Amino acid sequence: MRRYLTPLLFLSPASALILLFFFTPVVATLLLSFTDLSTTTFRHPSWVGLANYQDLLTDPFLKKILANTAKYVGLTLAFNVGMGLLLALLTSLVPENWGDPFRALWLLPRILPPVVYVFIWQGLLAEAPMGLVSDLLGVSKNWLVEAPWTAVILANGFVGASFGMLIFTSAIRAIPRELFYAAAVDGATTGQTIRRVVIPMLAWPILFVTAYQTLSLLTSFEYILLLTDGGPGFYGTEVWSLHAYHLALSNYFGNVEFGLGAAMAAVLVVIGVIVSLFYLKIFNFRALVTEPKIEV
Amino acid sequence: MALLPRNWPLWLLLLVLITLPIGAGILWLVLTALYNQVHGLIPVGRLAPQHWRFLFEGSVGGRPSIWVALKNSLFFAGTVAVLEVLIASMAAYAISRMKFPLRTPYLGMILTLHAFPAVSLLIAIYYILRVLGLFDTLVGVILVKASLDLPLGIWLMKGFFDQLSWDMEMAALVDGASRWTVFWRVALPLVRPGILALGTFALLSAWGEFILPFTFIVSAKSWTLALYMQSFMKEAFVDYGLMAAVGLFYALPVFLLFLFGQRYLLNIYSGGVKG
Amino acid sequence: MTKGTGVRLERLTKRFGRVVAVRELSLEVAPGELVAFLGPSGCGKTTTLLMIAGIYRPTAGHVYFGDRRVDPLHPRDRDVGMVFQSYALYPHLNLFENIAFPLRLKRVPADQVRRRVRETAELLGIGGILERRPAQVSGGQQQRAALARALVKEPQVLLLDEPLSNLDAQIRLSARAEIRRLQRELGVTAILVTHDQAEALAMADRVAVFSMGELQQYAPPDELYHRPKNTFVAGFVGSPPMNLIEGEFTGDGFRAGGLRLALPKAPTGRGWLGVRPEHLGLGPEGLPARVLVVEPLGREAIVIVELSGHRLQVLVPEDEKPAPDAEVRIAFPTGALHYFDAKGRRIGPE
């Protein structure tokens, strides 16, 4: 057994952190969701079984939040994948010394601090004279309040598009040149080449990006929190994950309903575990594992 | 690539058009930070150094000094990056180059966690941090941030270690090194591109991180720049000029990296970073 | 000169899953001896070497250095030096630091490191390029640097895994002599892995011939050549390889199809008759044969003839080579024949 001491040493910091901040929280989320933990019961939470889940189902706003979530995930996803595809194609259709700077430019929304990024959106959407949109449309309004969904989807979409863009670009670059030459020899137009040669090769990457982003959109709420905080009005853009966060962690309404929030999060956690295990299966990752050649 | 149509300038034009919002946004930020007033994208009036008063005044509206937030942000991002690179490299090295029981399942777990949406765990992590007494401390947030990005880091570094030559590592062992020594003196120096990539990614990601400090930090003395800037957003009257200046100041490292390290950034983010 | 330690392998076995890479290997290397492990690619030579070095753990069996059992030991506690086929120099270090690496790990004082690295490098003729990185020097120089790194810590045992196979043909010959000279001078026990039988015969005191993970024969080059233990060794050692004819021994002769040879004191039963191309005579006497192909090699020529339905290779001096299609006579040298039984084991002559 002494021979496994070294790998154990190498793995222990990572394992400890993963245990502490992945495994424990997964279990804790599930456990907390069965309690009535809240501001008032913080010291003495009691076991309430499935009560939180029942509350969830009977919540009059459940429908609204589900609809919001579907809208947010569906539309943002469509924008992300569509824009990602468009960007990958466009940056591949122009010479590389043009394509690369544009790709880099589209990375900016992703690497800018979210607070700064969202502030820019708020500024652009503000009333005149500040707001560029008001200026251009000639109607001075706070467009964040007028069209909150457009804002939420665009703000998230501009961040998310680069993910698809990069993956699709790699896929396009991996297409053998001979296919393009063959298409050219056959007299295909650019449009035909894209439809017949490029798009078919992107089927798998598109599926991958869609699957991956569905899961991450379902659970992410950082940009909505900053942009509208679920508003305007009552739950205007409140989505499932944000609602869970609000219930459990923001003292917006005074009493923090930790258990109820945990129940909402637990739904996401369970979906997350199942879906990522499913990815693992279709990924065929065993192909990526090779036997080490050193036995000391 | 081999797909360069004769009318590519047309496509370039389309590319420019759909990219305009990004350019407009950045320009708006810069102009708003610099000028007294901006109508749309047209500066009106003179340069406005008063937007930058936060740099000189000890505190703006009862906030801690920006230098405190800057110091916290630097400490936060720096520590997260170092921890993440170090811990991920160690684990990746073991997974890539060592035999031990359950090695394949361990790698499978890392890959699963890489896809798993960690934000859904925030509520439970809040509870755990309180139990550990790490709530409202930078150390706590640092540990959480480093941990949540760890699967990505391990996965990335494993790819780099996989490419090292076995002969060379065997040679080092015969030369008298332990695995630990091989790791530090042979393997790590040779995966420098990976360390740089992961380090840059971790720095950028931690530098911008909002939701974790926002959730787990209360005391203003532990604010990072993200919290400092966000504190202005909640005001009833929004001072756009001041906020743009703060935002520009905060995002400066990102802009610099963008200006001087484009190729490098593209390489890092093409390497399979989470969306 | 201090002599290296002897090496003894005892029923050494290594499995990788289902594959048996090395099976029940026992052999002994005397102190200061140079032994070659010879065999085709994939026969387990490198695996054996890596078990001696301590990189692989034997599935079964033991490794001894002198009287010390070393198979449970970490490589660093075995005192071996090794040169890899790919040289395996550290690309991020210059040649000096590459060679110094084993000494630095032993925490040898800096001035001693400098002296010993210089000495070893001079010995190998690379003293002038120590500041360069591996990628900036030629293959031959990399090979020398790898050898210097293996020798600098004055190991008891030197392991060489195909150290010459990546060199150009011209340098290879001089490198052979160089390694042999160094090894003798330093008195280190050495094991050389190679798939090149000429290299093994030229360099080694004794040669261990492997096939499919099993030791076929372990003997000095002469014996390997003159008394191969089985048809595998007979066919693998020597170039061009020995002619092997399958047929029937009849006690007083050998029969294979239309071929009949009278051999006093021949064994009986089915088996193989072996004869080296250089021992077959082309001349006025002997059995009639027809020339199929003539391959000139310079000083000599390989003549492929057909003799009663069997193809044989004959090595003749260049000026005696016949024309293609010529009718010739083949003389079998009764003193240089090899008999093998149906399983390929040598059965004579004694």
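Just so it is clear, A, B and C label the chains in written order, and each chain counts residues from 1 on its own.
The rule is short, and it goes like this: a residue touches a chain if its C-beta (ideal position, glycine included) is under 8 Å from a C-beta of that chain, and two chains touch if they have at least 3 such contacts.
Just so we're clear, the structure is a prediction, and the values are computed from it rather than from any experiment.
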Check your understanding: Line, ring, star, complete or other: which describes how these chains touch one another?
Key -> complete
Review point. By mean C-alpha coordinates, which chain is most distant from subunit B?
Key: C
Review point. Looking at mean CA positions, which chain is nearest the middle of everything shown?
Key: B
**Study point:** subunit B-subunit C separation of Cα centroids, rounded to whole Å
**Key:** 56
**Study point:** Separation of mean Cα positions, subunit C and subunit A [Å, integer]
**Key:** 61
Check your understanding: Distance from the CA centroid of subunit A to that of subunit B, rounded to the nearest Å?
Key -> 16
Revision key, fill the gap. By the touch definition above, subunit B meets two or more other chains at residues 170, 173, 178
Review point. Listing for subunit C: what residues touch at least two other chains?
Key: 54-55, 74-75
Practice item. Specify, in ascending order, the residues of subunit A that touch 2 or more different other chains. Key: 291, 293-296
Study note, to complete from the structure: Residue set of subunit C touching subunit A in the complex reads 16, 54-57, 74-75
Review point. In the complex formed with subunit C, which residues of subunit B make contact?
Key: 165, 167-168, 170-178, 181, 186, 189-190
Review point. Where on subunit B does subunit A make contact in their complex?
Key: 1-5, 7-9, 11-12, 14-15, 18-19, 21-26, 28-29, 32, 37-41, 44, 86-88, 90-91, 93-101, 103-104, 106-109, 111-128, 143-144, 146-148, 150-151, 154, 162, 166, 169-170, 173, 178-180, 183, 204, 207-208, 210-211, 215, 225-226, 229-230, 233, 238, 240, 243-244, 247, 250-251, 254, 257-258, 262-263, 265-266, 269-270, 274-275
Review point. Residues of subunit A touching subunit C in their complex?
Key: 291, 293-296
Exercise for review: Please give the residue numbers of subunit C that touch subunit B in the complex, ascending.
Suggested key: 50, 53-55, 74-76, 80-82, 84-92, 101-102, 105-106, 146, 149-150, 153, 159
